[in-house]
Amino acid sequence: MPDKVKSVAEVVRSIPDGSHIALGGFAIARNAIVFAHEVIRQQKKTLTLSQGVMGMETDLLVGAGLVSKIIVGGGSLDRFGPVRCINRARDNGAIVHIDSSSLSLAFGYLAGALGISFIPIKSLLASEMMERLETAAPDYLRRGKCPFTGEDFVFLRGITPDVSVVHVPIADSNGNCWIHGPRWENEEQAKAGKRLIVVTEELVPTEYIQREPERTVIPGHRVEAVIHQPFGAHPTSVFGCYDYDAEHLKLYAECHKTPERMNQYLQDYVFGPRDHWEYLEKVGGLRRMNEIKAEAIFGY
Amino acid sequence: MASISAELQEQAASGITASEIMVTAAAHEVRDGETAVVGIGLPQVACVLARQTHAPRLSMLLEIGVADMSPVDIAVGLADSRIFYRATCWSGFLDTLGMNLHRGVVDVGFIGGLEVDRFGNVNTTLTKDADGKEHYFNGSAGGNDVASLANRVVVIVRHGKRKLPDAVAYLTSPGFVNGRSRRDLGLRGGGPHRVITDMAVLGFDNPSRTASLVSMHPGITVEQLLDNTGFPLEIPNPVPMTPLPSKEELRLLREEIDPGKMYLR
Amino acid sequence: MPDKVKSVAEVVRSIPDGSHIALGGFAIARNAIVFAHEVIRQQKKTLTLSQGVMGMETDLLVGAGLVSKIIVGGGSLDRFGPVRCINRARDNGAIVHIDSSSLSLAFGYLAGALGISFIPIKSLLASEMMERLETAAPDYLRRGKCPFTGEDFVFLRGITPDVSVVHVPIADSNGNCWIHGPRWENEEQAKAGKRLIVVTEELVPTEYIQREPERTVIPGHRVEAVIHQPFGAHPTSVFGCYDYDAEHLKLYAECHKTPERMNQYLQDYVFGPRDHWEYLEKVGGLRRMNEIKAEAIFGY
Amino acid sequence: MASISAELQEQAASGITASEIMVTAAAHEVRDGETAVVGIGLPQVACVLARQTHAPRLSMLLEIGVADMSPVDIAVGLADSRIFYRATCWSGFLDTLGMNLHRGVVDVGFIGGLEVDRFGNVNTTLTKDADGKEHYFNGSAGGNDVASLANRVVVIVRHGKRKLPDAVAYLTSPGFVNGRSRRDLGLRGGGPHRVITDMAVLGFDNPSRTASLVSMHPGITVEQLLDNTGFPLEIPNPVPMTPLPSKEELRLLREEIDPGKMYLR
């Protein structure tokens, strides 16, 4: 039985320039950093990214100049500051940005995952996002009325990314995934994708999954590839596995303040290391990973 | 006036801070048995205080998919695992913002922002230079959803002329836009109910649907308040004063809820 | 803190005649039999029932003559035969029946749970259900087109039952619920309800729920009442707790073949016993319950 | 003809039953790596057989929310917990029928029925008396959803004039209604692909989109087949014969998959 377990390099090679990639992180949690790094190393260009609440993975890709368009609900690095590369790109008109809300993204992915081409929502009405998008992105949303009640709605187009990427703590080699802690829009985002790629901290036997199948958030038959990379989300956190790395996030939050320092960061931490293991050595290796490792009781 | 002066003395004596007054005022906005969508920081501190005092059956939801958590460590943000601890449900946006907020069962939604204007509109998206150039910030996340859909919206911001302008630079989360009714705007939630700052509590219960003074915090003068507000504010006479935190509220805040003064600086 | 844990009699008293009740069973699994029995004892009338796939609970209520309308995707007692009381009522025109499909019910509840008044679906088109309902129930569904793609859809109205009832293996006194095994439409059906009532086999401390909050399918704050009744679904099964009782289901499948024998069944097993404990004695008591009790490994 | 006669002798010798031929023919309809929505009974037996032979990576979904189960006991129906055992995912309709079937990623859907007509329309809702009185049965459940949405629909029924009428008494699950294309009907799935009975395999790959003979089971005569079919059936010449189960397939069916002959009577 052919294995779905693949290297991140192999998986990223299969993604063409111009793809729409849905990313599964939230601010500084469960960002697919190992995936973002490899996309940068392979210089995949003119990407569209979609995400509920953007974090470091998205900021890295925009900061690396690979992104043409974002479809997002919001974004920040929590208390470590805003997503400055993305904000700079928005300020300068360097990217097309469809800005809506967390629930709008969840609804859009839900529609995509269910195979319905649109879904009504009550968010966004009377907002400036609506005002701007109605003219700028009539293929993304428009006003409409309920055919039964006549109530005003925004009709959101279902979002069906070319590739969805989700970072999870546990998966088996068929791609059955468990997620500990909150899941934000991951379930819908994953199943909305035409292709689905999973990055997992731990690769477990299927027998382990079969013990508690109600925990399976993403069923394996939908998954195309499983990338096994411990500490693959560093410096963002994976609940139950490790905490965010505050030291490195502070460093990043300094670097991304200017394009020059951001470029240097990319040289040092993305282009420099050959792979994620070398990156992990660069950011403190075993000793540091041990420091941020989760405690069993707390999960962080 | 005698009692206010006595209160001021007590406030000074116990070193009550503006944050403590804010957070207590916010706690008083939730009732027992209600469901609130909260963000990290002061709203969460306020809800924990409410739970430990008058609202033990208050349910707290975080948009990312957390219900009724009981954290023991202070979190740096909504994505910080510290905030997930001892929850009773971990789900996702579709549950919290969809099957609760959009379903219409969220009583109170707390939001913050870069700016809030006289109609209770909130901006979390961008600021503008004098020449109109836009500087993007975090955007909506769940803010627009909460503002559009919660039965009562409570906005928590620091007071200042630029934080409370006549009109927001970007309308991320609608209040009573141009003084129009929520129904007229096509929105379901009840709209802005309170704006709680470090100087005052504002409300919208008037025909023009504009912010008006509900109460001023002890120690603040009317002049200070007007000087720091970017829109005209009707001042009732006598000026109602925001209640100070009780001794028990203060004790809980200082000893149990935020002893490290992460949020209650 | 007032407790949500209530007796089934108290809960049923609070439900007015004419209510729309969404039931959470599927054929012969997790039927809220204790609830259905009490509704029959209290003779709640002119009910509307909705359900994805009907089973014994619904057949009992229709057989007792308390139901005016059903909104359903299908129904049977699996290999124990059809839902004969319901089929008889449909044959004789004794009830209004909105017949669609499993997914139509799931989508209708999903829309109801999300607070959207309609949702598009590709099922039902070109079927006789559609043909009949288009004229008979224009407030339940109608044809429509995607505003973006022009594709044909059925627009289903969101379903918001007055009361949703779900039978679960595990809940705490706040109503936080876990379900083992498949959940059919329970999550959407539960959250679509204006009121939500839970029947649980086991009542656990909240601390137990807090150990694995990702298992919580229904968060407690949505739940109005928790009815604690071991073997409350007998003779239907509760995965992880007990198997269906084949002997009693065979008996029922004989009895519901004629209205007369059905009435006798109701006399013997519903009106006769004062409560569910007396019913359980009547159907074999401790010895029988021990026979159908689930094995730890298999869950049945 | 010599080989058929030899096969018939072998069939008689090994006592191959019509059910075994049916289930093997059904197993041959799925390909490795595909996703199938299956019901209880013959479809599930067929998929397990396929998995153990040519399609080890076949994914099986049950509408109630079960993926890739490996039961060790025989179940009486879809709601029987025996069928849940050792699954890799337990979810619900919204996942299996929604995010898989409605999403368009289900390759094969198996359904049964009271009747299937020449256009592959299936009735699971009711029968009619001679005087038109309706007698209700189980209804659609997931049947309409599968028929409307799966890329290939395989109908499994026992052969008989009343089971295969010219037109169904009630159109629960659409095939090529009135010979119209699926696109024209507004449906997404590819429609009926095969009808597998205890006498033959029928297909729809012709311009009129009506059932035509794909293969006849060994031991059945053309006359028997036509006598038992309620609509005209074009018979190719020579008549293709349904392959018999291989020795290994028979062994698996009899010794491992359904040794108690629950479904393979």
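To keep things simple, chains are lettered A, B, C and D as they appear, and every chain counts its residues starting from 1.
Keep in mind that, in the parts below, contacts are C-beta pairs under 8 Å (C-beta built on N, C-alpha and C of every residue); 3 or more make two chains touch, one makes a residue touch a chain.
Not measured: the values here are computed from a predicted model.
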item: Given chain C and chain D, the chains that contact each of them; value: A
item: Centre-to-centre distance between chain D and chain A (centres being mean Cα positions), rounded to whole Å; value: 41
item: Inter-centroid spacing, chain B versus chain A (mean Cα positions, whole Å); value: 29
item: Centre-to-centre distance between chain D and chain B (centres being mean Cα positions), rounded to whole Å; value: 60
item: For chain A, residues that touch 2 or more chains besides their own; value: 107, 114-116, 121-122, 151, 180-181, 183, 214
item: Residue list for chain D, restricted to those that touch at least two other chains; value: 90-91, 94, 98, 102, 188
item: Contact graph of the chains (line, ring, star, complete, other); value: other
item: Each pair of chains that touches, named by its two labels; value: A-B, A-C, A-D, B-C, C-D
item: List of chain C residues in touch with chain D within their complex; value: 26-29, 52-53, 55, 72-76, 78-80, 82-83, 86-87, 90-91, 99-107, 110, 121-129, 131, 151-152, 180-188, 236-237, 239, 243-244, 246, 294, 298-300
item: Chain A residues touching chain D - in the complex, by the definition given at the top; value: 1-2, 113-116, 172, 174, 176, 191, 206, 209-210, 213-214, 216, 219-222
item: Contact set on chain C toward chain A in their complex; value: 107, 114-122, 139, 142, 144, 146-149, 151, 153, 155, 157, 179-181, 183, 214-215
item: Footprint of chain A on chain B - complex, ascending; value: 40, 62-66, 72-73, 76-82, 84-85, 90-94, 97-98, 101-102, 124-125, 133-145, 148-149, 170-174, 177, 185-188
item: Touching residues (chain side chain B, partner chain C) in the complex; value: 35, 56-57, 59, 67-68, 70, 86-91, 94-95, 98-100, 102-105, 188
